[in-house]
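Multiple structures follow.
Same chain, two partners: subunit A is paired with subunit B first, then with subunit C.
Moving on to the complex of A and B:
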């Protein structure tokens, strides 16, 4: 579109009145706003002492967990859909024949490299049995790279830590267990 | 002789220590106010080192200073080495030397201090008759530090910052001078002690008797101290860091301290010239020859509270107001502040010349009221006739210009963007 196009509407800045041209009333107005904020409530969360409130843990994308079913077995059926969906290639699964009659395979090892992960939630979307989920734990720290590669035991332990505060999403959302 | 030099040395030590600590803690205050105004909490973690005591973050200046000391003293290869080092030294020296003639209290009583038989004046060099001229000579030297730093850095951002700074300081020196001439005319002396003495004796602060001069002086002080809304010399959004872009380590902190000292100087001058210095009705008394210990200490406290208040005002203005454009800055100085300064000067000159006749006719209250009337009329006139307001309206003929440039095969503006 050109600037001389007839459909362009030219809008003038509103003309300043006398008080606007005087500057001082505007300064006092501005100072009033700043002073109000100076003593107003503060938004800062003093992090280690005070935890930030997470609006909706169901849609928060934090550290992963591997869900367990009612019998305490890992829900994963080693279908590799999450590893395929993962854009960062951070999921590594080794499948083995299942010792249980209700499925063919289960995961012998399930590893997520949390340093490569971009927390996009695609694994959670892809999982057909709701085994891998993202929790609302966000303060993920470690002292070495090896420590940040989460294996199956660690991912299951994240489930044990968070299962009370955050029940399995499939249950909450009303899907079949 | 020895006693006098010891006395002077003690005063210098007190002043330097106070100013340096003050500058460091004003950085903390600035960060606090910046945070509070933006609904944040600000630095509140650093306290006593190696303990868990936080003390509301009062250890922050110490940590900042240590950080600067241990930083690498990097000199870029392309700079003029001598001037690059000389510039921050000169600006700090000039900023500190100003305090020789600025009183930081009134006088101490004769009795009470062993070995001293005279009143101690709380000013490093008492009784200098050219006090105010000395202050303005030195505050103009500050521009050398800035422009030398900009030039020696051999970088376009630094040079632009230096050039802007010199133009700005020279432009605002004039209205500032005019506002001061008003005070000098009324006092009849260039000594800051006398200016305070005059205000204390009459009980009317200059800000009440010369409101126009007060406003002009405050605005010019903001510009001289290069504080927002006049911080164009270092406008970080446009010039990276302005004249100190290339500086790091101790030389940078010298620049930053000098900047804060300029602000403290400006607050001292506003408080002393226009807000009565150490005087406050009913607490401090008004005599400069007969003082009790209570009055002497009350005067120091009152002066410091005033300066603190003005600095908080400086910092609040910083977060209330956007920066001027450079042409707005210049038109404010030359087309608004300078004429207003002249109006104030003429009004004060008439007042001083015909004082007895005016006083008998109008009385002291009438004179003050008429000064306020003159200030109001002049301010409204300036608002109507001078470009105090911004002129950001898009010019409708811009598309004509664009069509012309398109015909010539040039494009001066981006498509769809009005000039």
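Moving on to the complex of A and C:
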């Protein structure tokens, strides 16, 4: 969008009054907020003993998972659209003709480098079959770089771990099954 | 000379030219969408995508009368006074309706279709189709069946343009493909027991404007938008078909023909198309080695270049075998290097593999029996530098005479069968044998220095094909770690700075060798006919006589 677009509404910066120019009222206001939080309920959680609450898992962008279809097969059709959309180039797919008669192509290998990933969610958005999704698992650790390159089996196991707590987003959001 | 008006733009058409509406519009810089029409095939006007409005301009009054209905541009001759309108609302509506009709029974399985990204149906739908699909159809699974060893048909993706059918009837003359059934039940098929098995079958995949015909070799191996294409020349035989080498991250995924009306038109043969697998073969040799104390030991390229010069100078009489797989530039540099050390060095042409006989198709396309790209180029250089053109057999006879003390043999063949134990024994008496190749062979094992070379996809330079046409190639991928493309090695041996520059080498060769003079100006995309030079020479000779 250009700055001279007719839909752009221009707002002028409001002029400072006497109180604004004195700064002191603003400082007092700020201190009042600080003091209020000193005595208010505590927001900090003692991680990892205590788990923070994820606001809305549908829009949370944590560890990826590869969804399975009704027959327990990987949903991915190896179209490479996630790899195309990925700005961090962290998805690597090897496609192959599928062993099933009702499907042509599937992913022989599907790896996501979780260390390279910037968790932007573009892969999830690009996927035409809702196969790759971001879960609300956020505490991701590993002992080596290799361990953090998630292969197909690992991504499918993330699905098995999270499927009960987080059903497939597409279904919740009313898209195609 | 005639004038055709396309969307208000005047286009000149020559007297002997027979253009249709699509070609006339192309001259005006206007793209008329089409599926079934192809410049190399007959016109059927069945896809109806190129519908345009047409009229005639009265030469006396200058009044333009349009005909009320739309006509297919591919079937309408562009004569003097013909008027085409390709951007009216009526034409746009026609295109949108054709797109809608095609998409009613299309599976829309683009995510798994190999054509996605270079598909006419996709491109035209975005450009000319409607915003929404009115047909309430979900993407579905297209049944598929084999057409032959190379091609798979995805039945429901087909738009019935019949390009493939016409190709097998008009270009190869084998007529394997046909249309079965009628109306909306139409399908492409082969006759029972007669699969698509001609030697140009891969072309139907390129011809297919949608993803109906899939190449089994390329199937699912890469998405087309990841690949970069590099103009090249097929090295499968001496025809020298113009190709695009398509690669991603230094891996070649497919070769496709590039249009050149002088050589291959729009086609290439299957042998060339699928003949790139050796580039990434597991057994390709990497890392230079020197024979020392009964076995070959690894050495560094930097030490090799220094040692070679010194050892060749010490050896005395030199001989060099120039492989017909070398580019003109590489062969020139090797001659310069060898002749720089020994001005009387014996130069010979490497073995030229001949398999079977030339195969000519009804349209004139020929697969040559000579399976090397640059015999003519090497011969031109040998004729200039050596006078007599020695064959590989002649060179071996020279070896028997024991005058040659050190030999340089360049390979670059797709297989290791170009020499055998008998050949290797002939070279056994030498003080120094340098072999450059991609694969280990008896001669390779007998070499004092084993130098891994490049494949066709890695070379920069030019080849001279059977009709004396000089054609340039650009390197598409980097050689495997440890291998040096011949040009780079010769460049380093001649102590030139930096990386191998084929352009510089060619200008040098063209300045020195009269037969290559034309190349000083550079090589056009469609190649350079060296015979033009010969004709001019003949004329000057005739004039002086």
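Miscellaneous remarks
Keep in mind that, in the parts below, the second predicted complex is superposed on the first by the 138 of 177 C-alpha atoms of A that agree within 3 Å, B and C clash if a C-alpha of one lies under 4 Å from a C-alpha of the other, contacts with A are read in each partner's own complex, and residues count from 1 in each chain.
In the analysis below, a residue touches a chain if its C-beta (ideal position, glycine included) is under 8 Å from a C-beta of that chain, and two chains touch if they have at least 3 such contacts.
Because the structure is a prediction, the values reported are computed rather than measured.
By the touch criterion defined above, A:80 reaches subunit C but does not reach subunit B. When both complexes are overlaid on chain A, the residue A:35 reaches subunit B alone and has no touch with subunit C. In the superposition on chain A, A:164 makes contact with neither subunit B nor subunit C.
Of the two partner chains, subunit B is the only one touched by A:20; subunit C is not. On the side of subunit A, the complex with subunit C involves touching residues 77-81, 84, 95-97, 102-105, 128-129, 176.
The touching residues of subunit A, counted against subunit B in their complex, run 1-4, 10, 12-13, 16, 18, 20-24, 27, 30-31, 33-35, 37-44, 46.
Of all residues in subunit C, those touching subunit A in their complex are 109-112, 116, 138, 141-142, 144, 219-221, 223, 225-226.
Looking at the complex, you find that subunit B touches subunit A at residues 33, 35-41, 215, 316-317, 319-321, 379-380, 383-384, 388-389, 392-394, 396, 398-400, 402-403, 415-416, 418.
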